[in-house]
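Have a look at the structure below, then the notes.
All chains are identified by letter, namely A, B, C and D, in their written order; residue positions are counted from 1 within each chain.
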Amino acid sequence: MLYSFKNDYSEIAHPAVLESLYRAPMSQEPGYGEDGPTKRAERILLKECGLDHGHARFIVGGTLTNLIVAAAFLRPFESIIASESGHICQHEAGAIEATGHKVHHLPHSDGKIFSEQVLQVVAAHQDDHMVRPAMVYISQSTELGTIYSLCELEELSRVCRENGLLFYIDGARLGSALASERADFALSDIARLSDVFYFGGTKNGALFGEALVLREPKADLDLTRLIKQRGAILAKGQGLGLQFEALFKDGLWLRLAKHANSMATRLANGIKKQGYDLAYEPCTNQIFPVLPAQVVKKLEQSFGFYVWRRLDSTSLVIRLVTSWATREDSVDLFIEALASER
Amino acid sequence: MLYSFKNDYSEIAHPAVLESLYRAPMSQEPGYGEDGPTKRAERILLKECGLDHGHARFIVGGTLTNLIVAAAFLRPFESIIASESGHICQHEAGAIEATGHKVHHLPHSDGKIFSEQVLQVVAAHQDDHMVRPAMVYISQSTELGTIYSLCELEELSRVCRENGLLFYIDGARLGSALASERADFALSDIARLSDVFYFGGTKNGALFGEALVLREPKADLDLTRLIKQRGAILAKGQGLGLQFEALFKDGLWLRLAKHANSMATRLANGIKKQGYDLAYEPCTNQIFPVLPAQVVKKLEQSFGFYVWRRLDSTSLVIRLVTSWATREDSVDLFIEALASER
Amino acid sequence: MLYSFKNDYSEIAHPAVLESLYRAPMSQEPGYGEDGPTKRAERILLKECGLDHGHARFIVGGTLTNLIVAAAFLRPFESIIASESGHICQHEAGAIEATGHKVHHLPHSDGKIFSEQVLQVVAAHQDDHMVRPAMVYISQSTELGTIYSLCELEELSRVCRENGLLFYIDGARLGSALASERADFALSDIARLSDVFYFGGTKNGALFGEALVLREPKADLDLTRLIKQRGAILAKGQGLGLQFEALFKDGLWLRLAKHANSMATRLANGIKKQGYDLAYEPCTNQIFPVLPAQVVKKLEQSFGFYVWRRLDSTSLVIRLVTSWATREDSVDLFIEALASER
Amino acid sequence: MLYSFKNDYSEIAHPAVLESLYRAPMSQEPGYGEDGPTKRAERILLKECGLDHGHARFIVGGTLTNLIVAAAFLRPFESIIASESGHICQHEAGAIEATGHKVHHLPHSDGKIFSEQVLQVVAAHQDDHMVRPAMVYISQSTELGTIYSLCELEELSRVCRENGLLFYIDGARLGSALASERADFALSDIARLSDVFYFGGTKNGALFGEALVLREPKADLDLTRLIKQRGAILAKGQGLGLQFEALFKDGLWLRLAKHANSMATRLANGIKKQGYDLAYEPCTNQIFPVLPAQVVKKLEQSFGFYVWRRLDSTSLVIRLVTSWATREDSVDLFIEALASER
């Protein structure tokens, strides 16, 4: 295969991240996140978030982060409002439900949900024989590569606060959102407007690891016990702290995300030049071209990608994901292959 | 502090393990355990286990491994029989119960439980208003540093099979057990006598990772969905496979475990030479000296360790853990400090 | 208030049911469903179902019955396919999710879902990062008062068997469905086409109680432990058995259901005569007239009912439920009140 | 069989309770506990408890009541401290664990646990890799027929408050405790000293039903949603309210409990007269004579009872339970049979 655009975690990790682990001093550190590198990484991250009194935890993966947030903040009969395209709705094998909570799957517009929809769900669940919606979950960037604008985030945040809902942002690809040319928000806006969010490492150059950030630490939340109970923290917690230190050093994460985005833009432009459309606005490192089925079939012989859905009898929407590791020549090979199918 | 004997995961990882990650080719691999390194590591591991038809999965940590085994094999009303000193009983913040299952906490003899106790629990739970014991959980080596002999394992295995119980061995420190001078069993015996076990990486030189091994793969077990649902697998699964490949290359894991054990033996001998007893038979890399409280107080100024329990009004049992990274001179410093307190 | 059409459980219970409890011999019976009346009721019920080898359990209520079926038959990552109007989707406060399972909420046609929709869900969940649909749940009669025809049931049953799905029928109002003039199926068809269903007592004259019926008893299902664990069985199990005996004596349940249906028909005819439409086909004991908002407001002063939904700026859909206890004159009072609002 | 002393729920219900259901007006009542009888029963119960601002809920059964208390008051990693003889430890098929929470099984003295044991569990669980004990559960009367004295209750209550633990009393047989000649506490003491308790109906003459009482209603507890989610409330809630009204009318519950206790005393005296001992102090309606195995074998031919445990090679402890329905002549038959075995 010439190149796989299946996802942004095919290559093991950015060399600087791996080096931070490889060159780590062979000194002894306390376990489970009490180590020096983790404390330093937390400090740096909170500063970048503009949070003076925030709190961060480094967790092994995204599904674990999502289910811990559900377990930490929801009572047994409380539910989460999400886009039906959301990661927790589709690709976590029912992790939230296994934690005991319903997820309302809302129809979406390019992967996004809006405050009016949230209000409708709240209004439709006043009866106490029903679950009580207690959290709004969005992904930034979304699973369709789009991003919420600052204005949209502010609106969702406002509605959440006015209705006693927790506002949670899944930032598995928050790097690519912040690095987007269309982004009109900063990391500090994400931190300010949400109650809790996570900043993803896995899909932005780390070997693994996600940083959960709380705007206001709640003393009685007992996050350590919860995280331990779900097996979400490394014994060798420094393995997480070191990676995030490396990602935040000299803005590495942002450079990686910008590169990924620019490769996606290059792909999108090339595809459009060949006369094909994109199903969703290309903003970040995931694009969704609409291609004839027989062209897709040819491309599959040389490139890796997912067929996202069937558009009509002749056309398919495919997903192409770029990463910090994607090279221009891989992109160009794809465009050339596409051109040769005209 | 001169040295911490608090646990066997203070140092980040063995250089060879870190190097396997650092030098990994920057090629693209499928995610979630479908990668080449993982498949190679599984092959090697199963071969060492003597399992022609076995199946292995690499999971991020021990608590996750334990709760996945519970979720995979138990029906909602089924329970686990374990020593009250077992990791699932004490140090996982109720992870098994959070998965819905009761754990029977049995009194232990030096960290071990025996077939007669198992039969008593089974006999006492015949009434169908009670839980149904369905799994026996032991740790090898135990949380008190002791090991089950081959004969004891065979007896537990026999009783499990005769009573329809699953026999599960938590091998967080299986390396140190196999490396023990007192061990009369091989890895193949563990694989043969248990239904499912895990071989621990974290406490034997890996950055993280545990290998779950099933003697007979059950086609309908759907482990992937379960593991995904609990967030227990890395997106970059090769990060697990590479580490286990490194640990199994030229028997690295065994050398590391032997070193850890020999450092514990050196500690034990030195302590006994000073006239102190050990609370449990020293077999592996954890020893439990009995020391006067005022001596413990002095040692705490220079060394890290846990006070395990109070023995009587003047004596404490402390836990000292050695690892692949413990050096002779650290051990000797401890002995010297102890001697100077005579 | 003149009369409440809010539900079919406003009156305590049919006199014959209450009498069966009141006149029960003051003899001693074993607890938890091992009693004589329960065994007799099971025998009668299975015979009426045409099941030679079936198995029945009497459970306190419908939500408990539904969550026990989920816990009994599903593995942790398995999900249920249901209409979004289904009782488990809306009115059980997330009981199924609290048991750990996702429910797929399908759009419905008059409260019903069809085999093609089921196949689409199955096709969309082949990826093992997703839940695995394992059960189809329908209500007969539906929450909108409609019924599945024999042909529709056979089709769903066939698709379930061909795709390894369990077919479960919530029969909270199965009596009214069987008593419907439009019913082209018998109780034996329900028993034959589903894998498991329940026959509701609460909404058909009992004080409480639902009868869970399995076509084929599975020896290893351990239903007793499950039912005990969820608190779903009475200590004085005869209190359930006696009621079902009474309901099945001389076809009492059918007479009660027919009466409820005929009162609904009388209501529906009267409403149509006044020139109003019904939102769904009136088949059983629930009807859904479409009325101007100001008429609804007037009716609310004298009658109890739920406003189901807003149809447009001037019209509302309301729900009227009749029962074994509804009298003709109550129905006629409603029609008169409606007529006076013309 | 001449008579069964197996339990206190063999006879269906006290005639006055059945009559309250049978003679209930055939009027319409709101569902799910909003009915008149339930509101009246709550008022009467709270008054008898001396609670001006308390709150009561009527729940179908004891296991449901216990698991709802766990779900309502505990966070996911919190645990319950109980006697190993406690109902939640032994006879609910793991209902608490299925709700996600560990139960600490403490050794008991005649079915009772004491404040010092509670403090030890708390002290042993300070590490945040462990569960956090958050509730003390006791049964009054205990599963061994004994009762906590006022002084013991006050001590447990004090320790709970000082340590932030919730004090929960399972009163499945609270009637028999309050009716005991040895009781030095009143219902108001139970209400005052616990945070939440339940007053059992099933084992004191009701057809079914337990009354959950909170000393201080917590507005944000959302008990209705929780109770609905677990299926613990009747649609026809008046069926619960009517029974409790009947039990509290003219102190019926107390008369029934006193009768049950007096029958147990008569049994105990007769047994002692024959020269046999009782394993536990006889205080309420459960007694535990120690009898030779061959005598037990003979008695089993004519009477129903459980063999509780083997005392030694020749003696067994059996359990005899009396109820509101036990008659003197049944007791005397047992004593005669015992005498004839001398």
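Definition applied: a residue touches a chain if its C-beta (ideal position, glycine included) is under 8 Å from a C-beta of that chain, and two chains touch if they have at least 3 such contacts.
Everything quoted here is computed from the prediction, not taken from an experiment.
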item	value
Of all other chains, the one whose Cα centre sits farthest from chain C	B
Result of counting contacting C-beta pairs for A-C and B-C, higher pair	A-C
Intercentroid distance (Cα basis), chain B paired with chain A, Å	34
Geometric centre distance via CA averages, chain C-chain A, whole Å	42
Centre distance in Å when chain B and chain C are each reduced to the mean of their C-alpha atoms	51
Multi-partner residues of chain B (at least 2 other chains)	76-77, 92-94, 98, 100, 128-131, 225-226, 228-229
Interface residues, chain B side, partner chain C - complex	32, 71, 75-77, 100, 128-132, 222, 224-226, 228-229
Residues on chain D engaged by chain C in the complex (per definition of touch)	3-4, 6-7, 9-13, 15, 18-19, 21-22, 24, 26-31, 60-67, 92-95, 98, 202-203, 207-208, 225-226, 228-236, 238-239, 242, 304, 325
Touching residues on chain D, where the partner in the complex is chain B	76-77, 79, 90-94, 97-98, 100-103, 105, 127-131
